[in-house]
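In this document, chain identifiers A, B, C, D and E correspond to the written order of the chains, with residue numbering beginning at 1 in each.
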Amino acid sequence: ERGSDGELKILYYQAVSTMNAYLSSGTKDVEVGSLVLEPLASFDQDGNLVPRLVKEIPTLENGGVAADQTSITWKLLDGLVWSDGTPVTSEDVKFTWEYCTHPDGGCAQGAKYEGIKSVETPDAQTVVVTFEAPKPYPYQPFTGATAPILQKAQFAACLGAAAASCTDPNTKPIGTGPFVVTDFKVNDVVILAANDKFRDPAKPAFATVTVKGGGDALAAASSVMETGEFDYAWNTQINPEQQTQMEAGGKGKFVNAFGTLVELIEMNMTDPSPALPEGERSTTKHPHPVLSDIKVRQALSMAIDRQALVDIGYGGAGRPTCNLVPAPAVYASDNTGCLKQDMEGAKALMAEAGWTDSDGDGILDKDGKKLSMLYQTSVNPVRQDFQALIKGWWNELGVEVELKSIDPGVYFGGDAGSPDTFQKFYADVEMYANNFDGTDPEPYLSQYLCDKIPGPDNQWQGENINRFCDPAYDAALKELSATGEPTKRAELVKKLNDMLTKDSMVVVPLVDRGRFSAQSNALGGVIMNSWDSELWNAADWYRVK
Amino acid sequence: MPVLEVRGLKTVFQTRGGEVHAVNDVSFHLRPGELLGVVGESGSGKSVTMMSLIGLLPSPPAQVRAGEVLLGGVDILKASPEELRKVRGARIGFVFQDPMTSLNPVFTVGAQIMEPLRVHMGLTKAQAEARAVELLELVGIPDARKRLKTYPHQFSGGMRQRVMIAIALACDPEVLIADEPTTALDVTIQAQILELVKELRQKLGMAIVWITHDLGVIAGIADRVMVMYGGQIVEQAPVWELFHKPQHPYTRALLRTIPKLGGQREARLQVIEGQPPILAGAPTACPFRARCAHAFARCEAENPLRRPVDGAALGHGHDVACHWTAPAQESADA
Amino acid sequence: MTDATQSQKPRSQWFAVWHQFRQHKGAMAALILLGALVFFVLIGPLLWRIDPNFIEPNTVKMFKLRNNPPSFDHPLGTDQLGRDILARMMFGGRISLAVGLVAMLVAIFIGTTIGVLAGYFRRADGLLMRFTDLFLALPLLPLLLVMMMLFSEMVASVLGPRLGTFLLIVLAIGVTSWMQSARVVRGEVLALKEREFVLAARSIGTPNRRIILRHILPNVLSPVLVAATLGIAAAIITESVLSFLGLGFPPDFPTWGRLLYDGIDSIRTYPERVVWPGLAISLTVLSVNYIGDGLRDALDPRIRGR
Amino acid sequence: MLDTAKRPLVQVRNLKMYFPIFSGLLRRHSGDVKAVDNVSFDIFEGETLGLVGESGCGKSTVGRALLRLYTPTAGNVVIDGDDVATLSAEALRQKRPTMQMVFQDPQASLNPRMTVAAIIGEPLDEHSGLPTAEKLERVYTLMDQVGLNRRFANRYPHEFSGGQRQRIGIARALALNPKFIVCDEPIAALDVSIQAQVVNLLEDLQDRLGLTYLFISHDLSMVRHIADRVAVMYLGQIAEISPRDDLYADPLHPYAEALLSAVPEPDPNREGRRTRIILKGDVPSPANPPKGCNFCTRCPKVMPICHDLEPVLTEARPGRFVACHLVTPPQTTRAG
Amino acid sequence: MLTFTIRRLLTAIPTLLLISLVIFLLVDFAPGSPMSDIPLTVPPDVRQKMMEAMGADQPVMVRYLLWLKQFFWTEPLYGIDAIFGTDFAQGAQRIISWQSKVPVFRIIGERMPQTLTVVGTAYAVGVLIALPIGIYSAYRQYSWFDQAGTFFAMAGFSVPTFFTGNLLILIFSVKLGWLPTIYDTTLRVTDWASFYKMVMQMAMPVTVLALFNAAEISRYTRSSVLENLGQDYVRTARAKGMTESTVLLKHVLRNSLIPVVTVIALGLPTVFGGAIVTEQIFKINGLGAALIGAIHVSDLPTVQTLTFIFAVLIVMFNLIADILYGILDPRIRYD
């Protein structure tokens, strides 16, 4: 029964800044926003689209998707109302599209609405999205927690440049979800109450929800697993010993779901030497003197014991992987060759590549040059442990390694003026984690196209971090975007994945990282979901008595 | 009967470098209405003696080893700290050397005068205020009522010293101890204060101990004089006696060193050569021996006791602590 | 006269200073303690020859070495990667002590210079004090980030990465923590300037520069010493924060501050990881403070003479 | 002392030393502390001029302005031919060796952290450029001169008695063979028995080295002993300058008279007989001196004219200069 | 005194303007961008659009002048409007946080209460324990109490708050379960029960901070009292027959507090600045946390505004310290 289970307390240690996913797109904001604002359809725990505000998922079969794949038609549920009691209409959906594509609005989810020619509203319940070109995957717009529907009445004055000044709508949006915001303190706490206009009269079970922010992962886990102050804590990424210790407390458990997030090492294909003039460092003008050799790259990968990394850094929250695209299952390549550490093989490969320890100091050299790598990543305890471990293995291989760790704000900030961004890649190898939104890997794989290489000419804004450039890859990707047939697509994705990993080792995947949150034993109904908001089914959560 | 009698007072400082015997076996008495002058060079123990009397010395280093201090016949050295506190300010008033620092800079003059009145005499605020005005007028500060509300720094040095005197007089003490009250002041202001003290003595008739190094001041106001050297009383006499028939070589030398305003101008000043004694350890020899023109073997062997010069009982007439006897005809009066 | 002329060879005043210093029991104990710490970090690694960053490359063996309790092989146990904590403590101490001392010196140097100039030269006073306000108001983090961004490559290219980083960190800490001492020194100088011996020096014709060096500076020593002892603690802690932000030494450089920070994460499972670096830092600070106390007394001839 | 030998070594003319007072929002210059207001006098070579007066009357300021430790507001100070008041910084530095100062508080005027040798050697460091050994030798000579044991060279000031400290100060002043020394209350902080030592030393040195002193003091008996001529100051101005014996026998200015009468005599007979002139009231603030004669607010012999006209220092009797309407009739004053 | 105050305030204006410019340039120049917490899944062109929408692509001087106008003109207007219900601001653009798109002054308003209660209480408690300790240490110099006090103060300095904070949490929350680890900023004290809750949640952060503050202030108090104990007027007070407690707590204390009060006043801006580490450990989300969070994501308007307010406070409290000095010490007269 609605509201019968009292208060639900959730901890997001990165606090919520806004409820409007279009203005931030930080995971925390999107997820908490999803308690209020809903998309037309969301993804379930297996990555399947499930209808939310619509009667069914349009497909080719049921005619919802046009045969030429240039348009898709959504039909809204009957009697759907906003939390203020006004009906949800197709105008709201269309408005959402206008809102996010307004040139001055700075919409964070612009990618979701790319390639749309028009959104039409033949009637109050029908939405027709027409694309500029055939879309083999037409479900990007209006699906998933990152593309929720806004109420036109509330946001009409917030188009474009005005978006940012609409404080009230952004912090207390009117939505269709199970809860409504009653109090919002920026970067601190959000208090929500059950939406009495929610379409399912029996839900949600909780009368109020408090989403608190602050602290770190360890404190978050502790508040659920040790002190029991909270029912659910998001992203409790802590080391395995602590996981076991906390679980032994018996107050709660960790929930986990694997998605597409992969911790990986990128090998710089260009020369980052500081000796080069500024503007030419790490650009395609100068190929990397060492890493251009595939044998070296392979050897470096073979020297890594991925299982050990998981056991030390992630425990239940990770598993070793050799793929850049580890999921969804249909797209995951079955490549396991890298899982076993092969130090001898690696040494042999190095020797083959001409690197030998001619002076007996334990460090390989070739043509009088020692093999030395600068290995950078962001500041993060797990990453620093990984750096230390991998440095140990590479030292064993005969490679000298210099480590560097950079403030995440700088590393991921993309400030063209800073030498320490991961895009600039002024290092030989660097480590970070990457994933893609939703279930379609096409945009993700297109990051490694030749024309996405960051460089001074594009203010270092490209996504092809390792500067890999292979015409065959570009061609295969082109084929992928023209292919609609699922099995064919899956094959192409696997091929592209392998080209980057197994075949060339420009990307060295290490760990497939799951979503890892802590849940109190007193909380029921949680189904961990790595394809959508973790709180996607919060309406079904209940108190275990 | 004397109002104050001190017998065999001994004060020692415990310092890192060993014990400092600052006051050695000092005895004297004070008759009602008498002004006893105390002279001696810096470090001779004048202040320490007086502060020992009423327990004003900081106690970790200082220690009163022996002696009796009889105030109206009762030994206040044996009194409890609380009883002693009740004596201070009420029965014995104290005026200190430096008027600039002896007043608390953050309280008004009035508050500081009223404090002892309220503590010792239990006056109400209004009564205390009235008395404070009276006192300020007594010490010659015009416009007293207004002045109560001002702070010490708004007063000149002379006025501050008057305030100090007013505080010391507040509870009509039997004894007033003034420790170099005019040393820091100008001659003209010193003259004012001296005039004031003479006046007050006549009016109030209290006994006063007046410490100074200025023999001129002593000559002007004292009835009787004590000369201290090296923590001991070396000579004690009525004021005229002391200036005209000094017995102790130190007193004689001291009188010679000061230039006189009137009379013949000396071609060269007399000096006392040498350094004051270091007061480490209990004295076994005459403290002045090293600088003494008349020193002989006995001075090295034995610390001279005070002996009467004029046959009167010890402490009542003229006495001196010296092995050497001054020739009778000699006099410092040149 | 002859024997007199012999005995007045200017004798080393450091002897007197040392003599007085020895009188101060607390300071002597602290000196011995600090000496032990310095010995521990300087000589220790020569005796205890385990590489603080050594990780067993064989993962099976490595897993056995992780999180070991204290044992004969590893007197303080091992950390989550099987590294020897004793070796890390010794190695980390080198950096922490060096950073603490040098950064404190930098801060004191800047603070004293600015304080003396502001106190001594009336004209400069307003400007320098506003400058101090400015530094007090500046947000530390962006300032450090900017400094690191601007200078890290440059310094590293001149001095090499290790020394360069060291210098930069030390400068960064120094540049951001001198304000307090500048204020104190200024106040002290304002008072000193009016003292008669400064006037005496001027009547001799001593130029300002030498008046400052000869008469002012030695007399502001004691507040400076107090600031200095507190500064060391602050510098060691600040260094750990810097490392934490990735602005400090490379991640495989253990320092006490960083060990402490890392230890906090495992305070529940392995509390001793916090205790060792915490203890080392606290002992350093305590001993430096007491030494400062003793030094202040010993350097003051008035106290020394007693 | 022959009249022909009298050559003024120091000539002070219309010296003014005002300390500005700033007030108001804009820190406007709103007034002055007239610490020294229009003072003129000469000091002859080899003589000692005593300068007496109450605390705060401007004695030290005169002394300091003479040595250009303060830059005078107006007036000239010619010392040995150069106008010190206007010399450039470097020329002044060169000039410093001829003029030196001994300070009031021997404790405060010695840097507590320097050894005696360093203190006495400082002027040598600054001006002589002697090699270390010679410098040390000179320091020892100086110590001998002022009667300090050479063995004390490495001691610190606090290890000395007041008199010894003052000797250190004197040795420092002598280091550069000055001609002229300003002694700013050199004995005020000393014990009586030690004052004599210091005064004797100063006299001996004068005899031996032919020094010229400006001896500032408020101890009138000591001034009588040491000075050849005496200037009495009141509130920034000179009330009277007379040869010593004349002044003490017959003070002309009422203030000088009052001052002398206030000095206690170490003789109970005479003390008992003396009548003191007790001045009433406080010294007015030098920031706001009274109109007319400075002393008119406290003068026991005040006349109406004193409130209007400022008397000028004039030679009332041979060699005696007084600024008082009683002594010098009003027609000779500035108004005439 | 009044003209002194006014004059100091007037000279503060150019100083503050300069400080604001320096801060602005510094923060702007610092590496990092407001896009650093945007997931990597967001493509570069979208990022570029977002930057444009914030105005972050404008030249730095333009943004600075805009900020100046907003800070000194628009925001005060909104302030007036909020108080008097007027509409002077007429919807002019306020200073808006890049990260949360919320007016910065609203953030400050939301965060002020918890910072003031926790950090303020801690400061007050720190002062309250520091004073007696400092006074007694000085009064009984070199006693065991004094030695212990020295040790305690030094330990207080040298042990960082992140250590003590975590230790307290481990003991009192995890092991004993007595105190909450997470600060509830929405808690309003209305009755005894909520007051009790408030006390419980404040206990640990206040303890940690108070200890830290107390260490420093007790040192200052001690040395100041020591200095005054040796003064002549103390002897005068004793000679007047005052009790030891009057001597110590009236005469000595009043004088000793003069420098201590100014130290305390100069330390007060840090109260508003929040205690960054402590706020983080106990999830208090006060101003300190706001600043550090904003710095991490290069939220320039927030960083700039907060920092500038701290600068104003620092300059103000400098002035207040001077004025306090003048009030407490009658000898000091400005102008």
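The criterion applied here is as follows: contacts are C-beta pairs under 8 Å (C-beta built on N, C-alpha and C of every residue); 3 or more make two chains touch, one makes a residue touch a chain.
Each chain and its UniProt protein: B = Peptide/nickel transport system ATP-binding protein; C, E = Peptide/nickel transport system permease protein; D = Oligopeptide transport system ATP-binding protein.
The model shown is predicted, which means the values in this text are computed figures rather than measured ones.
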item	value
Chain pair that, of all pairs, has the most C-beta pairs in contact	A-E
Reference subunit D; chain at largest CA-centroid distance	A
Far-end chain from subunit B, centres as C-alpha averages	A
Whole-Å gap between the CA centroids of subunit D and subunit E	54
Cα-centroid distance, subunit A relative to subunit B, in whole angstrom	90
Between subunit C and subunit E, centroid-to-centroid distance (C-alpha), Å	26
Per-residue overlap in subunit C, given as positions that touch at least 2 other chains	145, 149, 268
Where subunit A touches two or more other chains, by residue	407, 410-411, 417-418, 420
Interfacial residue positions of subunit C with respect to subunit A in the complex	53-57, 59, 62-63, 66-67, 80-81, 83, 145, 149, 153, 157, 161, 244-247, 250-252, 262, 265-266, 268-269
Parts of subunit A lying in touch with subunit E, wherever the complex brings them together	11, 14-15, 17-18, 20, 23-27, 103-111, 161, 163-167, 170-171, 183, 185-189, 191, 210, 212-216, 219, 222-223, 226-227, 229-230, 407-415, 417-418, 420-421, 432, 434-437, 443-444, 458, 461-463
Partner subunit D, residues of subunit B touching it in the complex	41-42, 156-159, 186-192, 194-195, 213-220, 239-240, 243, 253-255, 257-262, 265-266, 268-273, 275-276, 333
Complex interface listing, subunit E residues touching subunit B	231-233, 235-243, 246, 251, 254-255, 258, 328-331
Complex contacts: residues of subunit E adjacent to subunit C	11, 15, 18-19, 22-23, 26-27, 29-32, 151, 154-155, 157-160, 162-163, 166-167, 170, 174, 291-292, 295, 303, 307-308, 310-311, 314-315, 318
